[in-house]
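Note that chain A is present in both complexes that follow, paired respectively with chain B and with chain C.
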Partner chain A sequence: MKVFIDPPNSLILFDLVERFGHEPLGAMASIQERIDNIELDMPPMNVTLDDVVGGLRYAGVEVPSGIRGRLALWGPMIDAAEAAVIMTDAPFSFGCVGCERSSEMVKYLIQRRGIPCLRVGYPETEEEAEDAVLRIKGFLEGLG
Partner chain B sequence: MSEDRETRLFMISPDSTVTPDQLAREIHAMGRGVAVKETCYGCLAEGSRAAVAEVLAEVRGRHPLDVFSKRRAYPAGDPRRCRAQHGTRPGYAQLEAEWAALAMISRGLEACGRGESPRPPAEPAGGLPVEKFKEIAEAIR
Partner chain C sequence: MTIKIAQLSCGTEYSSVQHEIEKAASAVGAKTVYPDVSHADVKAALDRFGFAPRSAQLKLMIARAVSLADGRYDADAVFITTCFRCAEAALVRNELRRFIQDNTRLPVVTYSFTERLKAAQLLTRMEALVTIVTRKEILARERQSGITVGLDSGSSTTKAVVMRDNEIVGKDWTPSGDVVQSAQAVLESALRQAGVEMSQVEAIGTTGYGRFTLGRHYGAKLVQEELTVNSKGAVWLAGRQRGEATILDIGGMDNKAITVRDGVPDNFTMGGICAGASGRFLEMTSKRLKIEITELGKLADAGNWRNAKMNSYCSVFGIQDLVTTLGEGKSFEDVAAAACHSVAEQVYEQQLQEIDVRRPIIQVGGTSLISGLVTAVGEVLGEKPIVPRDSQYIGAVGGAILSSGFL
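Up next is the complex of A and B:
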């Protein structure tokens, strides 16, 4: 199953989703597509006009361009996802360069799609990490 | 083109005894035809999608709790990212934060191996009852 991960560039979530037998939908694939095929330097900081127009599907025109640029990349993946794993309460550096507004929009879009979604807290202790991994494993195995 | 190339980032958990040099040599020795670049946190492996998938499966088999992996968008040594050529590294702060948490994630994977179940979530702390709050407000008025 295709599982969207949030933060979309998380190493831990990407690894765990793949390890437990699903296809993680992360930022790297859509960034690589733009690097290889369009030769952009730094997506989603650099986007094409098509991306900006595409971002309008997910966020209104009054929304800052940085958020729309990010959603132009993450939005199609959320549309394609069949489930999602979200890590909440993460420290500032854990995420796409700390854009909290984009993260909120992503969570809203996932909720609006109504796909199975697991929210786990960012672990601070070994016990919390054990719980987080066990819950992620249980959720992913339950997806079938 | 994206279908042809896959670059994999392998990161070693901070509590592991595996070294980046050892990991890079192991991947070289697998002979799958992937390019390997040793880094401070582990290594990057780059090649065809099928070859990288074989390398990933073998590394996971040898070091299930020590090495974590994700796909990387930029090619290994890309001047836009490589710090040796003064490239920017906007994702590095996150990699550092996740590196610090990998030892704890390894303990979680060990718990999975033991067949443990997650503990029930703690009850959220309840708010002040309305009646109590009303008493306080009345007393201060």
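Up next is the complex of A and C:
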């Protein structure tokens, strides 16, 4: 199944989803596609003007361009996702979209889709980390 | 020497504008750099700065600013930019600007962008940052020497000034049309007035939108953006070469507010998102009132802006207000005063908030001849600005003074 991860650039979540047999939908693939196909080979130039305009599908023109540009990357993936894993309260070193408003909107878009979704709090201790991995494993295995 | 402009930003890479910023920097011989910070630096920086935004990229901006302020990263100038319409970013952008100014001597410029940003919109700002860094000695020049000419090719008018031994000996202006033809016409007139032959001119300085074209055409020794050139002309004309001042130029297309210390600019803001806050709105107002723009100031001085409601945040809405107000039977005097007050208010709200206004305020440019606007600016700022003689010639005078530095 296609599983969207939030934060979309979390390598740990990406790896867990792949390890348990699903297709992770995250920032890496989206940015890689732009590097490969649009010759934007100088990250962080991640989006084109067309992308930002395309972001209007998810947020109105009065929304700052940086939010629309981000949503243009994550929005289509959320549309395509069949499930999602969200790590809440994660520090930005774990992965983030850089902008809190964009992050709120990403979570909202996932909820609006009504797909199976697991919310896991960011673990602060080793025990919590083990528990978080077990919960994610259980969720992913249950997706069938 | 490549000038390093430290970029403190949020959202540029997701708005498709990062390459435009880099293009503008590169066009003026500079490059954008990003102060290095470690993950551990970020928390310490937020504690020191005292403002903890929710967005991670804004946290990174703050950490980079602290790195500059503490001298842990070497840069020549700072460019702070965030998405237009983002409230959290606007707060951080403005406070970081203040923080950098309080803690460093680096020139700073702030900008809020949309996805439509093009390098050309940033060119003058980037060029001014580079000029402030690289031409400090020329900018510090207080006297003009020899025979030099300044040409200012502005969006509304083209001006020429001939100077000899620190005095203006010829000057003229005309509405801008073809860049070279307009300049040639005023140059010939100013030379005639000065009794000087073109062959006697030792140096030419060009500024304004047509500066590159005129620079090539006349083989100018100085081709420089209007922010730094105008500030030099303004302090010379106002006799305020020493100490601090704020120069306010409400132009036909955009407005400039520049702070100077001993005649050298150290910060500036340049706006032009809406014509409602520029001289263009006053032109539209005079047209609607069927009077010459030169009459608008006196008319405004005879009126009371409080009697007519007008808000020129947008020129279209401003003109709607104007039509409604006239329809209500308000006097031309009150309407003219309201138009002037509205422009002054917009300049204050949109631009002067971005710099720390230093006294005295020197108001220059063609609009400084509209007395009603000067009165309105004085009311809004709580202190009447100084309007030096020949205040509409600041760019040309600055060009003549600075180009004599190359003799």
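Simple rule for what comes next: the second predicted complex is superposed on the first by the 135 of 144 C-alpha atoms of A that agree within 3 Å, B and C clash if a C-alpha of one lies under 4 Å from a C-alpha of the other, contacts with A are read in each partner's own complex, and residues count from 1 in each chain.
We take it that contacts are C-beta pairs under 8 Å (C-beta built on N, C-alpha and C of every residue); 3 or more make two chains touch, one makes a residue touch a chain.
Just so you know, these numbers come straight off a predicted model, no measurement behind them.
When the two structures are aligned on the shared chain, A:V63 is found in touch with chain C, with no touch to chain B. In the overlay built on the shared chain, the residue A:D36 is in contact with chain B alone; chain C does not reach it.
Applying the stated contact rule after C-alpha superposition, one finds that A:V47 touches chain C and leaves chain B untouched. Contact with chain C, but none with chain B, is seen for A:E100 once the two complexes are overlaid on the shared chain. Looking at the shared chain after the overlay, A:S10 reaches chain B, while chain C stays out of its contact range. Shared-chain residue A:A27: touches chain B; no touch with chain C. In the superposed model, B is the one of chain B and chain C that contacts more residues of chain A.
Within chain A, the residues touching chain B in one complex and chain C in the other are 42, 45, 93. Looking at the complex, you find that chain B touches chain A at residues 1-2, 5, 7, 9, 11, 60, 68-74, 80, 88, 90-91, 93-98, 101-102, 104-105, 107-109, 111-112, 116-119. Remark: chain A residues 7, 9-12, 14-16, 18-19, 26-29, 31-33, 35-37, 41-42, 45, 91, 93-95, 97, 122-123, 125-135, 137-138 touch chain B in the complex.
Partner chain C is touched in their complex by these residues of chain A: 42-49, 51-53, 62-70, 73, 92-93, 96, 98-101. Interface residues of chain C, counted against chain A in their complex, comprise 10-19, 39, 53-57, 59, 82-86, 88-89, 113-116.
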